[in-house]
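Beneath this line is the structure, given in structure tokens, with notes to follow.
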Amino acid sequence: MIIGKVVGNVWATRKDEKLCGQKFLVVKRMESKSKEKDELLVAADNVGAGHGDYVLITTGSAARVSIENENVPVDAAIVGIIDSIDVSDD
Amino acid sequence: MIIGKVVGNVWATRKDEKLCGQKFLVVKRMESKSKEKDELLVAADNVGAGHGDYVLITTGSAARVSIENENVPVDAAIVGIIDSIDVSDD
Amino acid sequence: MIIGKVVGNVWATRKDEKLCGQKFLVVKRMESKSKEKDELLVAADNVGAGHGDYVLITTGSAARVSIENENVPVDAAIVGIIDSIDVSDD
Amino acid sequence: MIIGKVVGNVWATRKDEKLCGQKFLVVKRMESKSKEKDELLVAADNVGAGHGDYVLITTGSAARVSIENENVPVDAAIVGIIDSIDVSDD
Amino acid sequence: MIIGKVVGNVWATRKDEKLCGQKFLVVKRMESKSKEKDELLVAADNVGAGHGDYVLITTGSAARVSIENENVPVDAAIVGIIDSIDVSDD
């Protein structure tokens, strides 16, 4: 899993109908505890994350496992809201 | 999912026949709301995206889920046309 | 899919026997229409690509879908020979 | 597999319930025997790794194979604690 | 597939028991015919590669296809020992 920070929202009216009803958030990957990478990701959110939250994101086919629906074409899903991270050598 | 911008078209007469009938677009991944990455991707398009559109792209096996055909060898598919993105810290 | 340029050949006498009979080409990924990335890939070729051709390459499990054999351990396959690319903002 | 170093812990009370009971560690990928990459990963740990350990990490769908549960949405798992690495040209 | 150079060995006594009996080698990915990338990978080896060999490596779920065992959590496998590479524009 990667560690991300929720930085925004995205709206798409015209979309694959299999995505309808699924909430998405824009996240940035963290390189370290305090530095974000210049890379926008969009992840499905089923845990109720909000703006500014640090989150755990699973990618690839595991995202569909989280969603519990193999027919939803997502490749990234928020699977946890981080309470705290304890990282040394950082 | 990643956020891309549709930047062009690609034509291939000689191709895997399982791709026939599938529309493809050339996209560039966005690093931020305003900056594209130097990286060309080609994604299947089933939502009717056009030149200059910002789009949501799903990658890996999820692309075949979007296409709804496990026998089409695509690894990237446009799953939404973005109306607006709201990103802070950007 | 990514866009690659065929830059060479590779020979391997000792190999996984499940790869026998499969043609492989060395490709470089294109960052833009005119600039190649410093990264060598080896892709299965079932469309008859030749040296200098620009090609569409599918990666991951989709490569086995192209090969139409789930028992061949390839992770990249050439799925089209590009006739022309039309890219703006390039 | 990649080689990582265990650098910390992460806590998430609100999470995908399918992850409950699974231990996670924060790791950094090693570029060489002595240099870590600026990239935080979170991996499931079933081998009992501890802080400062160098570990083997499998990624993608193989992580669920390690966990022996296809319904747990992990994309990285620690599969070994490294006793020693012998690398030349390093 | 990627092209790698075998640069070393790795030992792990405590490991996922599903990996027992499987030989692993440390490899570095080649960016070009003569330049290695600063990135250590560990790949399963079933073709008998040795130190200094240039090898073809398949990644992701294809690695388990090579191993012919879906229950072994590997994400990289050496599938060929390269006799020669012929790359132009290099």
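All chains are identified by letter, namely A, B, C, D and E, in their written order; residue positions are counted from 1 within each chain.
The rule is short, and it goes like this: a residue touches a chain if its C-beta (ideal position, glycine included) is under 8 Å from a C-beta of that chain, and two chains touch if they have at least 3 such contacts.
In this text, all values refer to a predicted model and were calculated from it rather than measured experimentally.
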Fill in the blank from the handout: Co-neighbours of chain B and chain D resolve to A
Fill in the blank from the handout: For the pair chain C and chain D, the C-alpha centroid-to-centroid distance in angstrom is 31
Completion exercise
chain B and chain C have mean C-alpha positions lying a whole-number Å distance apart equal to 19
Exercise for the section: Mind pulling the residue numbers of chain A that touch at least two other chains? Expected result: 60-61, 63
Exercise for the section: Beginning at chain C, go round the ring through chain E first and name each chain as you reach it. Expected result: C, E, D, A, B
Problem - Partner chain B, residues of chain A touching it in the complex - result: 5, 7-16, 18-19, 24, 26, 28, 36, 38-43, 51, 60-61, 63-64, 70-76
Completion exercise
The answer for chain B against chain A in the complex is residues 1-3, 30-33, 35, 46-48, 56, 58-63, 65-66, 77, 79-90
